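Two complexes follow with chain A in common, the first pairing it with chain B and the second with chain C.
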Partner chain A sequence: MLTPNQFAWQSILKNRFCSLMFLCLVGIASACLFGVGFFNENLSSGIGQVKGRIGADLIAVPSSYDKAAKDALFAGDACTILFAENPEAQISQLDGISQVSSQLYLKTLAFSCCSTAGLQLIAFDPKTDFTVSKWTNDSIENLAADEMVVGACCGMKQGTSMNFYGQTFKVADVLDETGMGYDQSIFISYDAANQITSSPEYAVYFGERQNLSSMLLINTNSGSDIESLSRNLASSLDGISLYATDSLVSELKSQADYFRISGLVMDGFVIVLAVIALFALITITFYQRKKRVGSLLSVGISRGKIVQIFFLEYLYLTLLGTGAGIGIVSVFVIPLHQIIKQTVNMPYRLTDFGGLALLILAVCGVNLLILLISCSLTFAKILRTEPAHLTEEMT
Partner chain B sequence: MKQYSKLITALISVVSFILIHTACKPCHGMMAMPCERSTGIAGIVLAVILLSDILSFLVKQEKFRQITSVTNVLFGVLLLLTPIFGQCQIASMACRLRTFPTLNVSGLLIAGVSLAALISVLVKRQTGRKTHAHA
Partner chain C sequence: MTLQAEQIEKVFGQNGLSPVSLSLSEQQFICVTGESGCGKTTLLNILSGMLKPDCGSVRLDGRDIYRDLNETERARMRNSSIGYMTQGSSLLPELTVWQNIVCPQELYGRKTEEPQFWNWQNGLASPMWWIRTRRKYPAANTGGSCWQGCS
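Take a look at the complex of A and B:
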């Protein structure tokens, strides 16, 4: 005797076209729900890291390099940024400032191994630094002039050597993933950067100067009004653009909210369409099998068991479709993660396993809800209609 | 299913072959680069997949089709492994940013579709046997 389980599988295999259509509908709905959810989760995960990762209250960049600095910071677009004069000493003497750390952004030139140049080198002073050291468990205070620290997405391991500006650097440490441009950047000490910028070989770029600066990371005294301090700094120093990290983060959050709301609207449409399409498919299938259901009722099989057979059939198809949808999106989104990251131009970081598991559960939950809504009317009909009406044997 | 699977894998291999020679081509320098060698190998694998798919359309033997499904699964896995033949050191290079992810996606799709076709053949054979036994 066939169990409801076997009965359900047999129905799936027998009605291949209907099963395939059901599978496709659920698969497409799952792919949309999971794809949109995964993208938004990754954006939130990236933006959530920004404040903690930058670790500074204010960022100062040369005003002519505003866009280049933002692109380097968040999208990882390599660039060379230079202040005409390093304002670090001036800023550190001002009231309300507790820490100032200078960073120098250099775009690499074509190097011998591969002709594609354009990597972001960031020089930092390990003695005054309060940002880069936060991203690693190891101490990088004594970073030697021939050593470098690389971002998580550089693809280099500890001990690897690489040649930049005619000097060989060895990877001393790999930073945690930040979701920002720092993931594609390579960090060297100011001593190493001074050797490059003062070299006559690169005089055309740097004028044989030392202690050049591209960005100043500023921490204020606790309780200081960051906005008013920023205004005072901007008015007292020429050619400088100042950004409060909080306002940068809120700007990013509002952009992420736009993506989230658009995604929710799209999800809403997908759910409504899926419910209508599945309801139509289930109803048509039920009318095709009306006589069979009537016969089963006539031979004494309970209504509950018949509903169970129907439900199991659609449940298996829903689970298979959900798996297929999530699988197909993952096949594209995970290997192409870096391309997506560059395209969105915002902090973007793969969410952790917990977030991913929750998202998969949420998609499964929504699909089950769609299935229940679509099935409910058909099941109510099975539970209410007399066997004679179903078999169309009227006297 | 098996005929559709051949059509799908043939399409994926053609699109991937075009992509790795146009929009997703590897890095190119003055000297021979390791990623160019890997991409060359991947190109050969994609051409072999396409050829076996065309042959399975022409040769109507069931056994031959099943063998090509098995080889497609293996070639799909080989596409995933192409970076071991050589790749550039830095993750932001064109080969690691575009070429190998494209090959990964096509490898996964080719292996997945071929595996699904094989499973469908096995299930069909199993249900066929059961029906036969009942009869």
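Take a look at the complex of A and C:
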């Protein structure tokens, strides 16, 4: 039986060129809207993890390694960072400080001593640590000197073995993706790191010193003014840069806002162009099919039924175009998310399924709105024009 | 069924239809003739509910089709009581010949079977024409076949 649905599909297939143009316009608009939205959602997802993943109120790094430390934390650029003198003992005795944990950042070498160059080794003390252990299972508390916990994007599975600085480490656990530099990092115990830095072959790389440290993660007492504590610490300790995690996150959010606003402006242009193009296409198509509308009215098909048939036709094309645009972006962007992360140099993590679903619904909603605006003149003509004027029987 | 038109008039700039009245009773067959531009098409459009006159009334079985019926009711009236054939081919190119014939019924959920069609068409269509054309689209048929479909 001929239904409005079937009529709409037959119209789509019969008018292939117009249907294809419609699909392309909607597909391109959807790709832009989804691509921008997906990028911003992933940025938000990455930045949202930062405070929890760092897990500390303050971070202390050597002043000369300011940029290197940020790049290692957020972009995963591996480096070796060393304090001239480990200030852990000094800081832990200061007022307002509740916890201090030291981490040692070592970059793997492009020599035969290391299976892979350019990875970040992060040594931590399981006894004082309050950051890494929150994100792993129980295996980290008893991490042996020949074991390691790896980030999500190191390309290693549990049980595999790798050599770093002449020592063999076995993967005890793999962390979930963080969107930060931790994804390309390998966590080992301080005991294992001390064996490396004090060994005869490699001590020269680290200045042949003991008690090395790269970064101190500091928690303050509850209710402390973190900003003023940070200023006081910075003024009393030479050669050290202090960052409040909240300030770091605010800075990242400001940078992300720049991308978001730019994206919204671009989305605005895309929507306006899509409305204009679809409005023109739909209106021109209506004028070409005016006589058919008149014929339908002449045999007693109501105006509402004709609007329903046209709307179904354009709705199916919109949904197909939206799916195509989203699909094409997903096929290209999702596999490239590591490259995008390294390019933006900010925490960047694939958003969860709920966020993705909301984004897809939002794109569909915007496209439906574009469709309704674009069809407005056509539907008004169908609803208001006398049937005789549509059949073109009148001169 | 009776159709009455009283003093119907329609103006299009300098052309149009001068005031005209007519009355048709059941089974009556009339032919309207006139020179080009005198308003024959305009008259037919007004009588079939396709064009509202500037003044006058058109009554089908006593009901004024422009004052007593709204647009939806006029469409239903055209669907059930009035047959309208355009000067040019009015077959929809998206539908097959059969779909063109049944669309006024089936779009409202009233399925039409081919035996019903044979009862309606009353000898207008030949079986050979029907077999050749019913599943084809208008573009694949000859002009004459399309006209048979329109009628």
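Simple rule for what comes next: the second predicted complex is superposed on the first by the 383 of 395 C-alpha atoms of A that agree within 3 Å, B and C clash if a C-alpha of one lies under 4 Å from a C-alpha of the other, contacts with A are read in each partner's own complex, and residues count from 1 in each chain.
Note that in this section a contact is a pair of C-beta atoms (placed from the backbone, for glycine too) under 8 Å apart; a residue touches a chain by one contact, two chains touch by 3 or more.
Please read all numbers here as calculations on a predicted model, not as lab measurements.
*Asks:* Looking at A:P387, would you say it contacts chain B, chain C, both, or neither? Reply first, second, both or neither.
*Replies:* Only chain C; A:P387 stays clear of chain B.
*Asks:* Any idea whether chain B or chain C touches more of chain A?
*Replies:* It is C that touches the greater number of chain A residues.
*Asks:* Kindly classify A:S295 by the partners it touches after superposition: chain B alone (first), chain C alone (second), both, or neither?
*Replies:* Only chain C; A:S295 stays clear of chain B.
*Asks:* Per the contact definition in the header, classify A:L361: touching chain B only (first), chain C only (second), both, or neither.
*Replies:* In the superposed model, A:L361 contacts neither chain B nor chain C.
*Asks:* With the two structures laid over each other on chain A, which partner does A:L264 touch: chain B (first), chain C (second), both, or neither?
*Replies:* neither
*Asks:* Would you check which partner chain A:M156 touches, where first means chain B only, second means chain C only, and both and neither mean what they say?
*Replies:* The first partner, chain B, only.
*Asks:* Between chain B (first) and chain C (second), which, if any, makes contact with A:V272: first, second, both or neither?
*Replies:* Once the two structures are laid over each other on A, A:V272 reaches no partner at all.
*Asks:* One more residue to check, A:K305. First (chain B), second (chain C), both or neither?
*Replies:* In the superposition, A:K305 contacts chain C only.
*Asks:* In the complex of these two chains, what residues of chain A are touching chain B?
*Replies:* Residue positions touching the partner: 13, 76, 113-116, 118-119, 153-156, 160, 162, 184, 327, 331-332, 335-339, 342.
*Asks:* Quick one: which bits of chain B touch chain A in the complex? Just the residue numbers, please.
*Replies:* Going through chain B, the ones touching chain A are 27-30, 33, 88-94, 96-98, 101, 104-105, 108-109, 112, 123, 127.
*Asks:* State the interface residues of chain A toward chain C in the complex, per the touch definition above.
*Replies:* Its residues touching chain C are 1-4, 7, 10-11, 14-15, 291-292, 294-305, 386-389, 391-395.
*Asks:* Okay, in this complex, where on chain C does chain A touch?
*Replies:* Residue list for chain C touching chain A: 12, 15, 37, 41-42, 45, 48-52, 71-72, 75-80, 82, 84, 86-88, 90-95, 99, 102-104, 106-109, 111, 137.
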